[in-house]
Amino acid sequence: MNLTLLILLPLLTAVAILLMRNDAQVKWTALMGASAQFVLAFCLLFAFRKERALGNIAQMLFEFHYQWFPSWHISFHLGVDGISVAMILLTAFVVIAGVLVSWNVTKMTKEFYFLLILLSLGAYGFFMSLDLFVLFFFLEIAVIPKYLLIGIWGSGKKEYAANKLALMLMGGSALVLVGLLGVYFGAPNHNFDLMLLSSMHIPIAIQKICFPLLFVGFGVFTALFPFHTWVPDGHSSAPTAGSMFLAGISMKLGGYGCLRVATYILPDGAKEYANLVIVLSTIAILYGAFATMMQKDLKYINAYSSVSHCGFVLLGIGMLTKTAMVGAVMQMVSHGLMTALFFAVIGMIYERTHTRQVNEMGGLIKVMPFITTVLFIVGLCSLGLPGLSGFVAEMTIFMGSWQNADLFHRVATIAACMSIVVTAVYILRAIGQTAMGPIKEGHLSVGDARWNEKLAAIILIAGIVAIGIAPYWLNELVTPAADIIMHKIATK
Amino acid sequence: MLGVFSFGIDLGWALLMIPLLPLLGFLVLGLFGRKQIKQSSGIFATSLVLVSAFLSFHTAYGYFFKYGKLEGVYQKIIPIQFTWLQFSPGVSIDMGILLDPISVMMLVVVTLISLMVHIYSLAYLKGEERFPTYYSFLGLFTFSMLGLVVASNIFQMYIFWELVGVSSFLLIGYYYDRPSAVAACKKAFIVTRFADLGFLIGILILSFYAGTLDFNTLILKLTTTSTPEFLSATAASFMGISALTWALVLVFIGGAGKSALFPLHVWLPDAMEGPTPVSALIHAATMVVAGVFLVARLFPVFSMSAPALELVAFVGIISALFAALIACTQTDIKRVLAYSTMSQIGFMMFALGVSGSGGENGLGFTAAMFHLFTHALFKALLFLGAGAVIHFIHSNEMKDMGGLRKYLPITHITFLIACLAISGVPPFAGFFSKEEILLAAYQHNATIYWIALITSGLTAFYMFRLYFSIFWNKESLAHESAHGEGGFAMMLPLVLLSVGAAAAGFIPFGDFVSSDGKPLESVFHWQFSIAPIALGLAGIFTAMWLYKKQNNRSDTIAHSLSGLYKLAFHKFYVDELYLFITKKIIFNLVGRPAAWFDKNVVNGLVNATGNSTLFISEKIKGFQSGKVQQYAIYFLAGVIGLAILFIYVWK
Amino acid sequence: MMEPGLYHVLIISTALFFIGVFGFLTRRNLITMLMSIELVLNSVNINFIAFNKYAWPNKLDGLFFSIFVIAIAAAEAAVAIAIIINLYRSHQSIDVENAADLKF
Amino acid sequence: MLNDFLLLMKSELVLAFILFLLLIIKVAAEVKNERLLALIQILLLGNFIYGFFFIQNGSLFGGMYTTNGLIAFQKSILSLGIYLISLLFSDWLKKSEHLIEFFILLLSAVMGMFFLISSESLLMFYLSLELATIPVAAMANFDLHKKISSEASMKMILSSALSSGVLLFGISLIYGATGTLNFSAIPALLDGTGVQILAFIFLFTAFAFKLSIVPFHLWTADVYEGSPIAVTSFLSVISKGSIAFILLTTLYKVFAPMHGLWYNMVMLLSIITMIVGNLFALRQQNIKRFLAFSSIAQVGFILVGISSNSILGTASVVYFVLVYVFSNLAAFGVAGVISQHSGKERIEDYRGLYQTNPFISWVLALALFSLAGIPPTAGFFGKLFLITAGAFKGNYFFITVAALNMIISLYYYLRVIRAVFMDSNEQPIGKINLDISTKLGMIICGAGIVLLGLLSWVYDYITALSI
């Protein structure tokens, strides 16, 4: 399977969208493109499993290599392992759902879909890059479309939010850049190639400088405390699909980067700072959860809960055990699907009730049974109900974290576990106030979901349930890759 | 990959069908119930559960009488198991079915009560808008509960544990447009979630030391005093308490939450907001005893830690007494039943707490399980009966009732049987199980025994208070206009359950269920029974004196006991305490500051960075004065500055 | 009577340079400012000549350079005067303080 | 010898040819502006294409003039720049009363820059620098009836005269200290005495002045704002580019022995320049002034690359200037078109531009993203290579400051993007019918911005030349 397909396809879709004449054509082109991505992502999954089943134990499969800037030793190097495949699948899910829920965007439709597809391009490229320069390239590609999506199609304090998001993310990527350069020049021979770097021994002094830069840099993307403040504003101002992409894909770029770049190539740095990472992510988990409790706007609720949930990703990475790392990846996938779905539902509700304040809603089960059912499912997933993906991921992280036997890790794990209670509190509050209780006068005549919304929700729910009910396939996919990363950390 | 399927016995698939059929019901009704099969959804779900119940009975028969025993000992059989999620070598969540006496017994109890409730609800909820949804939720609950009881892996149990929690949440909130129901379902979920936190951490500790999540292996490793796992678990200690005890205490907290034991009981009375059949199924017979089941499942491990067992016993007995006291004062009939449930579960729990492991010592274990079994029958019956009353009268309050025996004859009789059973009057079922519990307590701990004795008297009192208030008391008001008793669908379960409540006591329970799988001789000491029976009768007669006819004796007594009465009436202000802790402390002292901190400090810092940049930008604009001579000055100053800097300073 | 050496000349040229700069910084009249610049350029010329004469008598670079500087200064002055004339047309003044609309 | 002369100085000779042609036309014939402009555009295109042929290495005039592949390529970049200017501002140029004079001055200045890049002696350097400056000062006054235009021009000529004076003083000190003006002879004679440092600083300030390095930058914004946009774009792109090229030669070759000194100086000035440029750019309302300060900040970045003192540094700077030509000219082109059609130059006037003029909005967006260094535009690669080259020394502080400055710069670029794409306006700029050559120019710029980075061979080519 040729990985460049996954880059070419969004590119062609984007170009095709620009060439379309009317909104309907644009939408269908985008949907076809997204579906093709979806199919392609599954082809990748099956091809990957087939290769593995045939006994191909190379760390990266389907590698693609092209000398890009030879003088800098930059090559367009792509390849996937289980973690990448999982993230690519996630992206495909979110993209198709995002395209579907935006079906009734009327303002500048062409541009909207163009940016959505461009964002997906960035994400695919990022997850497949095995060259740090290329990785950084794709990381930044994914930022500006978000800015425009929020700024043009957003609501509320959109310009402030868009600015904040773009600047903070760019700040993060600036730190990443410095970290990457540090690695580049600190490594025994100057190279951006991830695989080569991982096999080199980078001096510990360099690692100690570069790890925090890289980790914090990527951490900004994934809402590392205290660099998370773009999350609530950004998510709440973004249009529905924008929030879905932001929380579903963009925040995962950071998590993936922390894992693949910071932790993998700088194992000593990771060890050095693991405790700090744990402290920060535990704070994010609890603090995010408690802050969520006080929110009244549905989007803010999900945004802050994203801070909390993404804390688990970083916690899983910081714990430096294989199980926790697998859990972190699972949490990324799970949270990506879940939060995308959550935002989709919020969008649907908002479109019908014209409010996102929970106390202005009530009893929506009566008028929109489908949407509220989805809301229940996603809420339950968020609070970690077994059978849905959130549970699997969180439990894996807990199990992995608990493998560290000292008191510090224990305390952190228990603190993180406590969030399952707080999560239940705020999720139930939100659901209880919106879906249940007496219905408000003005909402009696609103309708239920349309076909596109139903399809989007069903696709995402399928993903959530597929992980929740049968986690072993994801586990099997991710574990060997995590094994390699852990092995490197353990032996260094 | 579907891990390892091992079909120990041919019945594997049939066994698998027991939980999966209700799940099928849930899925089908959930997906298509609203439109396609709205009319027949009840029948559909009921028939599925019927098959499931039949298979359970079949399994129970097969297990207890055919293949379950090996050399006189009931074996733990795992006919089906596959790896669901592998964490690390040896530690994995396996989905499987574990057959042993208690799980088989629970299969029977769950499917039976569930079937009764399914049938009952056909009439009880007829014509409801969300009828299919109701049945799909029931299906989900039945599936989860069955999955819980047959769990072969502690994490599997946790998974289904959560699932029953959520089904309970959904069913309590079934009347979603009532604010009180919404509040109740949230409360139920959150309180049990809080307890589950303990369970989860307990699991983490256990799995860490045992190196496995599989029940059988875990029990084996942590009960054999020579294994390194056991040694490390007992050697490691935190705050002077061994890791094993910590783990068990935490697991017990989970159980206590689910089983509504003091002080985590607050959700149970409120949970009565759900439809009454749901209360019968979930909040009386099955889900709330999950905590007892959990402790029973891990009993061998519990028996290795005396402090943990002690805690189990004391929490159990305190809950029993506490709930009984409150039950005496409540006026909502379902709440009375709820507190009574709590009290009975307290009985089961302390029975486990006072039990030892193996042989005669294991009397408490058998007694607890026995009581669990009989309690399921008569408490379900009580709830269903109460449901019939509520269905008839459209109210939960005692003051709206009275003299109903004429209108509801079948309900009256069956309710009476259940009251006798719970009060421990021979020869009804409750008598036998309660006797065993008291005996076990007597053999172990005198304090517990005496409290239990008093509580059993109180039980009789409040049950008959209930009974007389509903069916006797004031000869009320014409209810003729109302519909009858609810028809065959509602009466059939009542009758069937009353037969059970009357006769289940004669089952030689110890032959089947014991702490070590070997039959336990039930020794019946009639001398020992005198005190409980006498107390029970005293309770009954007191209730009769106070409530059979309309009078104000009860008020007088309540006045004379004003302090205690008020305390009990207000449920000892536990709810208020929780409200204080959550609203005042968690919300105001944690949540609000966190939100404030985020909005002002963290966000403020980010904004301040931006604003200060703009501020500086504004401040330095004067350099660009527009005067070319000033530019020249800065130019020359730059030259001179650089010259000084690089010639003298930074050489 | 001491023979004037390189340093003496350099002192003069430096003084001239600073006088020119001072004039540039303090005069309001654009023409005068232009003349101050000429002083600066002349101080450079003196420098070149002096270095050529005292330090590197064999290399004529300095001499040539000063000739070029004079030529360029003339060209520069021509363009500058043209600009100043145009400025006078639009501003009715050749005071540098009056031409300060572009700022911040 | 003559053959050498013709070949080595071919770029200057072609320019001279065009210059004379224009002079003759001016004297001899009355040609309509449209046709004249078309002719000039064709000539400039020919000049650009011709620049890639017959490239030879060698030197002339007793070592005062030198050329090689890299220098030829640098000249080609400048040629491309003026060709683009002739395309992008065709609207303005067509209406100009003094079209020929404009191009005569422009080409003279460019010729000066060509000599500047090729100079191998301080004398040549000084002469060509003046040739590159004085015509531009005259051009700045091209809006003859605007007060600010004459003010700008006055500020430019006076400031540059002062800077020349300082430069000359520095040259005279170097001459005094080493006795030579020749670039190849100077390094061996440098020994780092105070006089030499002083001479170097004097010399460097001339570069700093022309490149608008803080604190020698103060004329920049005023001149940019006052001048016609075509001139502003020339100043900010072509002029800056040529100075950056010669600065590379000067620092890497001539003052190589004083590397430690100038590294610190460049670093210090780079940091100050980036910060001050960004801080001022933040609060500008006029698009030209805004671009002026943004170009100051960009120069700070160029200095980051220059500080690396390596082949990669040279290659990165040349590449960045190439990218910068496309990006900045595209931005100025859009500003010019808008100013020409509506007379509006304030950023807030740009609100709602996308609704009426999507094409030029996209061009502007691409240009600004490229200036901000957002992928996949070439600016991303340009900035990244500069920073990477700068990181060669392992000076993390410097690199971090540079990286953080990218964020500030992003803020103000986004401000324009926001106005164009997000804000609404009751009186938006009307639909603009673009001249065909303007459109061509914008398409070339856009294509350059998108493709220069992705097609890595351009950079490889430059690297190969830099060795």
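For clarity, chains are labelled A, B, C and D in written order, and residue numbers in each chain start from 1.
The definition used in the following text is that contacts are C-beta pairs under 8 Å (C-beta built on N, C-alpha and C of every residue); 3 or more make two chains touch, one makes a residue touch a chain.
As the structure is a computational prediction, the values presented were derived from the model and not from experiment.
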| item | value |
| --- | --- |
| Which of A-D and C-D has more C-beta pairs touching across its chains | C-D |
| Centrality ranking, top chain (CA atoms only) | A |
| Inter-centroid spacing, subunit D versus subunit A (mean Cα positions, whole Å) | 42 |
| Subunit A and subunit C, separation of their C-alpha mean positions in angstrom | 65 |
| Between subunit D and subunit C, distance of the C-alpha-averaged centres to the nearest whole Å | 27 |
| Cα-centroid distance, subunit A relative to subunit B, in whole angstrom | 36 |
| Multi-partner residues of subunit C (at least 2 other chains) | 21, 24, 33, 96, 99-103 |
| Interface hub residues of subunit B, defined as touching at least two other chains | 610, 621, 624, 626, 628, 632, 636 |
| Overlap residues in subunit D, where contacts from two or more other chains coincide | 154-155, 158, 162, 166, 221-222, 411 |
| Touching pairs - complete list by chain label | A-B, A-D, B-C, B-D, C-D |
| Of subunit D, residues touching subunit B in the complex | 154-155, 158-159, 162-163, 166, 194, 197-198, 201-202, 204-205, 208-209, 215-216, 218-219, 221-222, 261, 264-265, 268, 276, 279-280, 282-283, 408, 411 |
| Interface residues, subunit A side, partner subunit D - complex | 68-72, 74, 133, 136-138, 140-141, 143-144, 147-148, 151-152, 158-159, 162-163, 166-167, 170-171, 174-175, 177-178, 181-182, 184-186, 209 |
| Residue ranges of subunit B touching subunit A (in the complex, touch as defined) | 1, 3, 34, 83-88, 91, 93, 155, 158-160, 162-163, 166, 169-170, 173, 176-177, 179, 181-183, 185-186, 189-190, 193-194, 196-197, 200-201, 204-205, 207-208, 586-587, 590-592, 594-595, 597-598, 602-603, 605-606, 610 |
| Subunit C residues within the subunit D interface of the complex | 17, 20-21, 24, 30, 33-34, 37, 40-41, 43-44, 47-48, 50-51, 55-56, 59, 61-62, 64-65, 68-69, 72, 75-76, 79-80, 82-84, 86-87, 89-91, 96, 99-103 |
| Touching residues (chain side subunit D, partner subunit C) in the complex | 123, 126-127, 130, 134, 137-138, 141, 144-148, 150-155, 157-158, 161-162, 164-166, 168-169, 171-173, 175-176, 179-181, 221-222, 225-226 |
